[in-house]
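Common to both upcoming complexes is subunit A, partnered first by subunit B, then by subunit C.
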Partner chain A sequence: MSSSDQSVTAPRPEQPQAQRRQTIAKSMAEAIAQEMAANPAVLVMGEDVGKLGGVFGTTGGLLDSFGPDRVRDTPISETGFIGAAVGMAAAGMRPVVELMFVDFFGVCMDAIYNLAAKQSYFSGGRVACPMVLMTSVGGGYGDAGQHSQCLYATFGHLPGMKVVIPSNAHDAKGLMIAAIRDDNPVIFMFHKALQGMGWLGTVPGSITHVPEKDYAIPIGKAAICRTGEDITLVGLGATVHQALAAARKLEAKGHSAEVIDLRTIAPLDRETIIASARRTGRLLVVDDDYLSYGVGAEIITSVCEAALGDLKCAPVRIAHPDIPIPFSPVLEHFVLPSAEKVEAAALAMLGDTN
Partner chain B sequence: MTDITIPDGLWEDGAEAALSTWFYADGDHVAAGAVVAEIMVEKTSYEIQSPAGGTLHIAIAEEQMVAPGQCIGRIS
Partner chain C sequence: MNANENPRLWMYHHMVKSRHFEERIKPAYFEGKSPVFNMAKGPLPGEMHLSDGQEPCAVGVCAHLRPDDSVTATHRPHHVAIAKGVDLNAMAAEIFGKKSGLSGGRGGHMHLFDPDVNFCCSGIIGQGLGPAVGAALAAKMRGSDAIAVAYLGEGAVNQGAFHEAANLAAVWKAPVIFVIEDNAYGISVAKSQCTAVARNSDRAAAYAMPGHHVEGNCPDAIHAVAEMAIARARSGQGPSLIEIETTRLEGHFMGDAEGYRPAGEVERLKALDPIPRYRARLEADGFEASELDRQERLAREAVDAAFDHARTADYPEPEEAFDHVFV
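Moving on to the complex of A and B:
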């Protein structure tokens, strides 16, 4: 795999050249539509998912194609409709529900972590919970502390759920199809900055070629989206693009950075991360969730447990500090990760002080 | 050369519109009918399709304000 810019728009070796470019929003809606067409048990519920097509574009066109019985606008009660989805999944349906902002998980968490996540275990495997909870994450556009959180680690910490976070449209479609087909509850976290909604800004690397046919990307497999020799940069969602941008800057200074896109945090692909860190000897994790007890901590611990002797320097994590996300754009961008922060941290680890 | 033009009447007159996304890079080959760009008007997006197959020449950059009837690029 080359280490050129091509790795951003066509991050997987098996991908052909861009022909049919889509945003993550469009690819999510296309994935849901294809699964709805293939399986009458697949249903969609949430706030503004019908006529509006989802405030982040995730359900565009579904109401027209499948009608109000299968694409249902709900009242603003996550407690009600996400609880209902758990029951529907127990009864054999495959609901896809949207929690508009992950920040609102508080009012529906009992249905998620005490009911959905435990249904299969408590029933001795007799009652599965094939539901998908899709939810927007991330800030950077001045929406303040109740509409900008990521909370990856909050969901990754609790057993019984799978948690996926796509960084580009190709992966978003494949992960959504895999999530709908999975018999376990899957939390599908999509980053607002990657969604392709103009008013949120759009990271160009998130718009990729998306094959028209249906395809599933295995849940639990990370992707190496750029190969390198000197340092391993691990990102998820939006931070993958910051890591890739930093890798290009590092290349110009003579350093070869490998970039791993986690794609899934539960289950976590420790094998791919450890193998890369063993080879490069340096590990930098870039996360836009809160720092303490976070994704970076889990990854660094996993690598230290398995490969401490192969590391050339102490692993480093970049994350949002342990404070609520500031409203002021100046303060918000001061605390969020960026390509510049990744590059600076990597240069320090590489001992490059020029 | 075929112009890529924003159709009239997509949105109400007077609303501010911006070219939010080019889905292809300048010089890319695009198929006739492919969605090449998106226009944002407040929080609603409108797709712009390529009127012909060929090489894309971008005339208006992302984030720029646009108006109905305006040529935003060409296909050769």
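Moving on to the complex of A and C:
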């Protein structure tokens, strides 16, 4: 990946001479630490968040800085501790809880979608739920179908929660700070392929300059991370990097692709997507969640409802097919989206058959 | 009236208030639902779970609680809400789906939130327990001696959520009391058919917490046990579990034909109605009948005023459905 793509965010931050390059994992932990230092109501709960610092590095160093009262290793009891987080949030605390893999939501979803997500509504806005649920998503490393899912659409579908998905370390820090400061439940989905753990391959573009100071990235606002004229490529999390890689290949073939990083899927920044699709006339959505009823379907429908007449060809979605995620690398990489699939689909949409 | 100064009179007053609340619901619920029962019809659509017979569980515990103590209740919440001090007018209006309801008609009878007294309930079995542990932990972390009480039915103890919350509370010494209202039925299924132990209070041992079992559905007995458990929680010694043998005098929900009950059971239970029994006990202990009459009248008047308000209050504008998804 070329160096120009290594700070994937927009508006692109000022690039200082001495870059402070960091992984998403480090940036999440830094964001939480800064908010914990600033606000005694912030605390962290989850499995292995203490001495281990989070299986995916999200809480590294927090136990040493803030102690076991505010950095709580929980029993393997997601219903219990996520439910407890809802009660703490109602009482004015700001819990950040970790669901180690999003695939585990099946054991605790009631606390998330029936309690956290409805606390405001059922109280007529009188009881807030300022909690963050951070959870790892994504496959591509051979962990098979109970530890590799994305489930973006599952969470994006259910009202009452905000859902953010960073593609890079800069955004991860800003989105985490925004999530902790939000008075509503925020699901923070971090992709394992981007996380920057030594034992797990990491897409280089996810490691970016991260300012030391605290900053918030607005929830609900997408980023145009590459401008273009001929086609709009929409990605989230890991697929942003696939879209960017495809855009570079397309550029070499004379096509100008715009790349949008959703950053948030609930609320969805339809305005930015529709404006881009109107301008380029072509829309390709890349998503590693299941295809049907998914993020791609929602985006394409939104664009068609608003701007069908501006489209030069039918919109296309690339996603994981409607099958469980298989184990064997031969099977898994066959079904996962990739830069090559994005490029091929884009060329077909552009009518480039060379 | 202050529950500390005269707890027995306070408990009697609130039992009567709760029962009268349910009595006012009954005819209103069937408006529009006869001759053909259709749950969607009338001024009170949807499921309706009444608490007749279970009032002692509410007053015996809540008599000890302060507004800053939290309570999470169940799908059968009215008696507990009233004992916790939820605003009667706003509660009745909520149940009628009115704009002046607790949530402006967004929640209805199974989803009552009153942050002024830290009360909430959830329609999903066992799911209020985690939030109660969280509320208790929040109080503890702030250095407050406030506590939390989680109500659940005897059937909910078979949910994983109970075991997770109980263990979590014990591990973290959270000041929370788990109050099991054993009304002998999970909808239609008898406790003996689905619960491996005769007493769920025995399960407290699995979480290294005291387990109390209270028979007789008597407010005084519940009050005494709750006093111990709450004192323990307030002094930082951690959670307790109380199982109360109580009676569900109505069906699981209104319209329940109750064919699963043995013949004569309802009549036998109604003969044990805790409210007249408690009145007799109070009179035997020297309470003036005139004072008990006065408390009954005051309780009924408050409920009647709440229903008058609820019946005449405005419905929300339909577009208000879109408000408060987020704060």
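To be clear about the criterion, the second predicted complex is superposed on the first by the 337 of 354 C-alpha atoms of A that agree within 3 Å, B and C clash if a C-alpha of one lies under 4 Å from a C-alpha of the other, contacts with A are read in each partner's own complex, and residues count from 1 in each chain.
Criterion: a residue touches a chain if its C-beta (ideal position, glycine included) is under 8 Å from a C-beta of that chain, and two chains touch if they have at least 3 such contacts.
Only a predicted model underlies this, so the values are computations on that prediction, with no experimental measurement involved.
Enquirer: Who does A:T74 touch here: subunit B (first), subunit C (second), both, or neither?
Expert: Only subunit C; A:T74 stays clear of subunit B.
Enquirer: Touching A:A111 in the superposition: subunit B (first), subunit C (second), both, neither?
Expert: A:A111 sits against subunit C, while subunit B stays out of touch.
Enquirer: Examine A:S120 and indicate which partner it touches, taking first as subunit B and second as subunit C; both and neither are also allowed.
Expert: second
Enquirer: Tell me which partner A:A91 touches in the superposition: subunit B (first), subunit C (second), both or neither.
Expert: Touch partner of A:A91: subunit C, not subunit B.
Enquirer: Is the number of subunit A residues in contact higher for subunit B or for subunit C?
Expert: C
Enquirer: A:G196 contacts which: subunit B (first), subunit C (second), both, neither?
Expert: first
Enquirer: Thinking of the overlay built on chain A, is A:T23 touched by subunit B (first), by subunit C (second), by both, or by neither?
Expert: It touches subunit B, and subunit C stays clear.
Enquirer: Contact-wise, after the overlay, does A:I207 reach subunit B, subunit C, both or neither (first, second, both, neither)?
Expert: After superposition on chain A, A:I207 lies in contact with subunit B alone.
Enquirer: Could you tell me if A:G160 is touching subunit B, subunit C, both of them or neither one (first, second, both, neither)?
Expert: The answer is second: A:G160 touches subunit C but not subunit B.
Enquirer: Would you tell me which residues of subunit C are touching subunit A in their complex?
Expert: Contact set of subunit C toward subunit A: 70, 72, 101-104, 106-107, 111, 113, 115, 118, 120, 122, 124, 127, 129-139, 141, 148, 160-161, 164-165, 167-168, 171-172, 323-327.
Enquirer: Over in the complex, which subunit A residues touch subunit C? Could you list them?
Expert: Listed in rising order, the residues of subunit A that touch subunit C are 43, 69-70, 72, 74-75, 77-93, 95, 107, 110-111, 114-115, 118-129, 159-160, 162, 183-184.
Enquirer: Report the residues of subunit B in contact with subunit A in the complex, numbered from low to high.
Expert: Result: residues 18, 20-21, 23-24, 28, 31, 34, 38, 40, 42-43, 45 of subunit B touch subunit A.
Enquirer: Mind listing the subunit A positions that touch subunit B in their complex?
Expert: 18-23, 55, 57, 196-199, 202, 207
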